[in-house]
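Report on one structure; see the data block that follows.
Letters A, B and C mark the chains in the order given here, with residues in each chain numbered from 1 onward.
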Amino acid sequence: MKVSVNVRNVVAALTVAGLLLLPLYTSLSGNTFALTLFTRIVIFALAAVSLNLIMGYGGMMSFGHAAYLGVGGYAVGILAFEGIGSGFIQWPVALAASALFALVIGALSLRTRGVYFIMITLAFAQIAYYIVSGLARYGGDDGLTIYKRSDFAGLIDLSNRVQFYYLCLACLFAGIYLVWRIVHSRFGLVVQGLRSNEARMQAIGFPVTRYRLVCFVISGTMCGLAGALLANNTDFVSPAVMFWTRSGDLMVMVILGGMGTLFGPVVGAIVYLVLEEFLSQLTEYWALIMGPLLLLIVLFGRGGIFGLLGRLNRG
Amino acid sequence: MADPLLCVENLVRRFGGIAATDNLSLDVHSGELHAIIGPNGAGKTTLISQLTGQLLPDAGSIRFAGRDITRLPAYRRSALGLARSFQITSLLPDFSALDNVALAAQAHDGHSFRFWGDARKEGHLRAAAVAALTRVGLERRADTLVSQLSHGEQRELELAVALATKPQLLLLDEPMAGLGVTESARMVHLLQELRREVTILLVEHDMDAVFALADRITVLVYGRVIASDVPAAIRGNAEVKRAYLGDAHAVTRHG
Amino acid sequence: MLLVVEQFLNGLQFGLLLFLLAAGLTLVFGIMDFVNLAHGSLYMMGAYFAATFVAWTGSFVLGIILALGATLLLGIVLEFVALRHLYGRDHLDHVLATFGLILFFNDAVRLIWGPAGLALSLPAWLTVPIQIMPGIFYPAYRMAIIAVALAVALALYILVMRTRLGMLIRAGASNREMIGALGINIKLLYTLVFGLGAALAGLAGMMQAPILTVQIGMGENILILAFVIIVIGGIGSIRGAFLAAIFVGLIDTLGRAFLPDLLRHVLSASNASTAAPALSSMLIYLLMAMVLVVRPEGLFPANRR
């Protein structure tokens, strides 16, 4: 896998460098808010990377991806509530729960195509939302406070902002690397081929559903990790994290950044959340600007940011 | 004589009130090049779709290499050695020609639940792909994106993809569709070579090609077989001429 | 018994309201193949326009009529200025663009009308209970909703099945390229259909306003119900939307009414009171998931594309 010098790769490299050096900047400038903001951004970037795997590479437009943020988050929250504070138990449970959830939802949803797939994934996410809303023991609609972050027995202190940030960043980079390898592997080629032309892939001998399902599960599990990170970041988890509009946010990040590119979702998450933050400091009515901005991007900026960068390279 | 490679018996497929395939029976012998012709709407593509598993018949049976494949899913038929090309070119447009063929080879080289290694570096897959491309004359276009190939090259690529799955039977749905004179001649030449290696079932409108290539011809009208014989007999068959040309003066080819 | 009849009527009324919302959505989706997430925003704007015009004019009926006109106009302007450029694009582009519109409308409403919701009060003649059966009284306004919605449904049926415009709409739903080739002014047709959809959404919004709510974000919750309905009913099918909407309305209302009591037999009181609304809300999604698992293209798949 050769890496060539072009605009996209330069932007990706700069992004990586920037993210790595951020804590240095915040400790020098005293701007701790930036660290808080970017921790959140990095976590959502991981979620976006996981969604991009099934959406951008796999062609599966899932409108229920935020559900895994909830599953991962509630795994951590519920275990913490019941007295199990060790991250060594919480996080594997979060991953396993997300994988199981993705397996069930995927097995049912992948029978459908197109907009029906979009709708059924959305339905399942709403079902998850209402399930946790109905759990009185775990706070229902009000959510669940997490009094102590996941404990990793001294290996790493999650309540230390800088350490937590680097942990999130490590997870993000690991996620991107995993996606990179998957995409070039036999499995990845099959999944991309299925997006490209399902009938053709069947004709040459590939069974469709099992490959898509495995991809779906990998993606859900990765997002479950993001959910566990998010719960630790906010020290709180509530059903709101799974509402369908949050899935919409994730989709926007992926589409904005450039679907089917490795770093697109990262850049998309950064731009979307920074813009949201910046605009909301500018005016209370930031959506008045953000809304039409999204519309303009769709109308004129095909392929998202990385699509634009790709065209700059050629022209 | 050995059992036919492909044996279709009383196949029926209805769409609403219309029988697109109406009690169709057909044999394809191993090693032959068998052509299917018929006027538009005769149900040729519906037949192919049922043979490949894209469509399931309402009644009847299909046997391939001794096995009943009537209700077998499409991807399993490929594993048994049934390969097809599509009437409307159906390739993977964002992949290169080589990638398209290599994927076909990959499908028949064990499972693809490998998540780590670079598939494009698997030497034996690439070699098989290059071989198939060379067979159809596209080796110089290996790294070109499918979307940038000419129509004729795409038709040839369809053939290469089918070949890479090491088929026993090649189902070709109008391989000459949309080809100019030179490209058609190339395709006919290619098929003449391929027929020595693999059994071919060919659906075509191009009569010159059909009569030049076929060992046997089956004529389909309104989902039914009205004749199935050697080319000379088909040429002289009055019912066939009526079906194609109406009751007016039949056009005959001498020779 | 009274309770069952009352809840049944409530379910019918809710279902009809949902039908109005879903009909617009399925028309736009079926004909222009356009996924409009901002349909819920049009529903919200209808409610806000109604509350405003009723207060300005002092007349309920006049206010509603003006609000209908305003929503229709809003829909047409939206289509003309922005959305028509997205026809033929990927559904994802529609999702992204209309998602942006949702954000925009919510903040625009907050800017113009403030963060607290509005109230829309009914005139006296609509608040009297009507005796529909001996001993059973039902609020006049809810009867009015049922009547109006049924009338609109009938009008839609006549429009789609019996007029030239309707014929073009049905033709467009099954083969878009054809009607273009026939020389019909496609752009105008699409704009009209979108406007019609917007008006239907707005009507739903303003009709439920006196009973339920006029507030920011009210569209988001009900929009997915509308999507659920058109998926169950089959995209592009108005008949499917009608049947599915009634079904969904009944299930949702009856579920909410009787599930808490049922649950109290199995769970403790406090658990039941949290679980009941959640379970009732879930019912619809479970229903849709079940339908799709069995029939992945909805109950009445309309298209032949």
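Throughout what follows, a residue touches a chain if its C-beta (ideal position, glycine included) is under 8 Å from a C-beta of that chain, and two chains touch if they have at least 3 such contacts.
The structure presented is a predicted model; accordingly, all values stated were derived computationally and were not measured.
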Furthest chain, CA centroid comparison against chain B
C
Of all chains shown, smallest offset between own Cα centre and global Cα centre goes to A
Mind naming the chain pair that shares the most C-beta pairs in contact?
A-C
Taking each chain's mean CA coordinate, chain B and chain C are separated, in whole Å, by 49
How big is the gap, in whole Å, between where the Cα atoms of chain A centre and where those of chain C centre?
31
Distance in whole angstrom between the CA centres of chain A and chain B is 44
Please name which positions on chain A make contact with chain B in the complex.
1, 181-182, 184-190, 192-193, 196-197, 199-208, 211, 214
Under the stated contact criterion, what part of chain B meets chain A in this complex?
52-54, 73-75, 78-79, 83-84, 86, 90-95, 99, 103-104, 106-108, 112-120, 122, 161, 164-165
Taking the complex as given, what residues does chain C use to touch chain A?
29, 35, 37, 82, 85-86, 89, 91-93, 95-97, 99-108, 110-111, 220, 224, 227-228, 231, 235, 270-271, 273-279, 281-282, 285-286, 288-289, 292-293, 296-298
For the complex, which residues does chain A have touching chain C?
61, 63, 108-109, 111-116, 118-120, 122-124, 126-127, 130-131, 133-137, 140, 244-245, 248, 251-252, 255-256, 259, 285-288, 290-295, 297-299
